[in-house]
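Have a look at these structures, which come just after this line.
In the two assemblies presented below, chain A is common to both, partnered first by chain B and then by chain C.
Right after this comes the complex of A and B.
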């Protein structure tokens, strides 16, 4: 395999991600440094200022950032807990039922989310609990997939060995299955945290005025008030939060491992 | 026995709770009223008929299907070689490259949508279906990458090596061995992207204009300003397509492959 082959094989995907994911983010960074528009337009071209970030220190926006963090942690914790139970349940099913159950868990991901969330308003009064439940609902199918794949990949011989050594079911779970499924749980928590931080539809449809996340706020600033620079600054803060969840959590996990040694 | 029964009830119970909003949406779609109220005494298919006669909804549905189909094909074409080579070759910065290809799924969609606005505007993709297709391709890339990477196994490498040993060129080995062996997986990955794209609402809401609006983009203002059962009908339409897709994917990837144990024990595998 020479350099050309590897370059050709990775090239198209890399171009897609650079062109349509990384460059928009860099553009956002630039927009966040413009001065707000005077008169027409969404920003004043050719200006550079940090004033938008200073505006973010406002107590209203700080409380929104605080709620965003809370939302991320709550969604990650709740979806991990429910997904773990479902993952264990799925693994205990015979093959055919497993297929049906997994298909059913994925159904909500296939049926127009917008109308479904709107329908939830009828049963859940808008508020903190409803917003979190809705967001967990959106994240859960992915968490279940991650945990299910992790638990399924465990070698069943280990459980049998533990039973042979006299462990009961609870001990097998606690001393074998649970520790071995930590990597999957960690990944599910991390994904839940990243998606929970970016929560938009749940808080928008089922949250009250206090349940505003950064994503909801930036959408409002950009589309209702046309304040692109401020919205972009909020987007950058959100990206920093998500980025720290992506990079920070593995670092913390590594630290813990070192501490155990 | 009691333990088994309780696990059974709790497990299926949770799944039923997860399905409740979907069932509620289906229920509402049969409402005769102009509001999103579930029908109790009188049921009607009037909103389904209205859907079939409304040009805007129909166009959006067709465009959604087209965008989903095209982005599925493009994502598979772009993502497969990347996943394959990352798995098999020792490229520099492997972890960084993996992260790069997973990035579209990790960025909050609201930020991505907002950032794409100026980009799409400046590149002339504003209001074009092509812009929508490219964006959905990028969003679908992580799925293709994950599915294909998990299926490029040692066994596949051994068969490729065998083909090379029998005198096949790299390209011939790829065409006669790798692609045929991977084809069900590639179809599955394509369908997964199709379903994802069909239901992708956030970025579409940010980028849609009347000339390239997809189904979620039409649903959005309708829901915000005058919600009627039409949105539930649209939801059911994507659900039917999406569900068939999920079933196909699960069949193609095959859950019944069994645990890894088999591979570890099989002496044949070691040869």
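Right after this comes the complex of A and C.
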């Protein structure tokens, strides 16, 4: 492959990544370093300050960050547990029924999300549980897909081998299926964690005053109070948290694997 | 006399009596959908025998093995292991070790843990597990470094040994081997085959192996059963099957075969007469002309046109033969075998 063709193949992708990922991040970072607006506008152009980040050390924001972490872990744990059970159930169905069941699980993603959340709001009292349930509800189709694909990819001969060695169904699950589905479980947990850290719709529609996440808070700062630099600083912190979940967890898993070997 | 669907003695041992049988199949049939892939198979295997089910792909031999292991339940017939009816018993309650063609080693467990699996799920004490695992790994010759490796870090031959050790660790009375040598290269296959025979001799476990390789079957087994289209065509010692097959299919499947109509040799006109190429001698009675010569290192294989039939002969490579040579052949009477007329679907 010569230079022209490699540029032609890589160029558009690189432009897309730069235009849609890197440049918005750089702009966000820059906005977080402006001083708040005096008079008209959202910030004071030409200024540079770390004051917005210092504001984040405020106990109110820290408690919001704490709840955001809690929300991430709760959504990850609950979605993993439910998705695993659903994944096992799906794998036990005949192929045609699997398709129907998968379709039903994916319905929330194809129907209007807001409509579904309003539906949930009708019967769930606002509060912590409702906010978490809503977020689990939103991420669950992805988690189920991840787990389902992982379990379905397990070689069925391994279960037969375990059976032939004397294992009963529970022992096969505990000693073969479960450990071999760890990669899918890990991915589903990571997905749930990233989703829960960025939770917005659930806490907004179904959470109470104490169930404010960083995403809800930065939305308020930006669109209710017009404090764009502070909202941008909160967004940067949120991105660091989500980025840590995206990159940090696999790194820990790799270290554990190396130690294991 | 060869047997079909019957019990047999192991070569060199006392003739089989019902008291020492390990496996008995009684008219076992199994199908996928409406098509039967195993048809009315009856077979009795004495304790300690090495039995090979031999046949082409799709003949039902692996299905029969899975029926023995309890992975499938027959539609008709009964299966007995050590005199106990196990027809509907699941694999975990059968006490049968199985080595799968792909080995089916647990990828998340190292060799030692794989071998310990069957003992642990049976609730054996950890000290006994350790002791038995080491003993069986010694027996299959896996080195101490290899024992801590994961399947992905082991070669094909090493994985095969682990699979064998895992199947033997809980000391089952029956060992099933599903094409255990198929994934190995030619050199390793012979080496592992010899090891399988050695381990079988040491453990004296009744072994049933499935293969499509006739050399493997003849070289390893006390008893060979040849299958075609779900039926067990003939059961016998390797020598019986090779020398005295009861059908053209068995004759051809076990090796090169000259099958000549009996009338051409002045024998039973309704029968086919078998003579193996290596039993044809260069002599004086049947004049012919060499049509093709293939050099095989130690041997030469030649096609010789004799009046109105072609004979394949195998002779030592030191013999000088060339296409077009006029030679004469002898067909020693002792080496001719009439295949009964009623079995002549070819």
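Structural remarks
We take it that the second predicted complex is superposed on the first by the 248 of 261 C-alpha atoms of A that agree within 3 Å, B and C clash if a C-alpha of one lies under 4 Å from a C-alpha of the other, contacts with A are read in each partner's own complex, and residues count from 1 in each chain.
As a working rule, a contact is a pair of C-beta atoms (placed from the backbone, for glycine too) under 8 Å apart; a residue touches a chain by one contact, two chains touch by 3 or more.
Computed from a predicted structure; not experimentally measured.
By the touch criterion defined above, A:133 lies against neither chain B nor chain C after alignment on the C-alpha atoms of chain A. Looking at the shared chain after the overlay, A:215 reaches chain B, while chain C stays out of its contact range.
Of the two partner chains placed by superposition, only chain B is touched by A:115; chain C is not.
Set against each other, chain B and chain C touch different numbers of residues in chain A, with B touching more.
In the superposition on chain A, A:197 makes contact with chain B only, not with chain C. Of the two partner chains, chain C is the only one that A:175 touches; chain B does not reach it. Of the two partner chains placed by superposition, only chain B is touched by A:102; chain C is not.
Residue contacts after overlaying the shared chain place A:165 against chain C, while chain B stays out of touching range. By the touch criterion defined above, A:85 reaches chain B but does not reach chain C. Residues 155, 157 of chain A lie in contact with chain B in one complex and with chain C in the other. Across the interface of their complex, chain A is touched by residues 7, 10-12, 14-15, 18-19, 21-22, 24-25, 28, 36, 77-79, 81-82, 84-86, 88-89, 91, 97, 100-101, 103-104, 106-112, 114-119, 134-135, 137-138, 141, 145, 170, 195-196, 198-199, 201-202, 215-216, 219-220, 223, 227, 231-232, 234-239, 241-243, 245-247, 250-251, 255-256, 259-261, 264 of chain B. Put simply, chain A touches chain C in their complex at residues 155, 157-158, 160-168, 171, 175-176, 179-180, 261. Chain A meets chain B in the complex at residues 1, 5-6, 8-10, 12-14, 16-17, 19-25, 27-28, 31, 82, 85-86, 89-90, 92-93, 95, 98-99, 101-120, 122-123, 137, 140, 152-157, 194-195, 197-198, 200-201, 215-216, 218-219, 222, 231-232, 235, 238-239, 242, 246. For chain C in complex with chain A, the residues that touch the partner chain are 69-71, 90-92, 94, 96-98, 100, 102, 104-108, 117-118, 121-122, 150, 166-167, 170.
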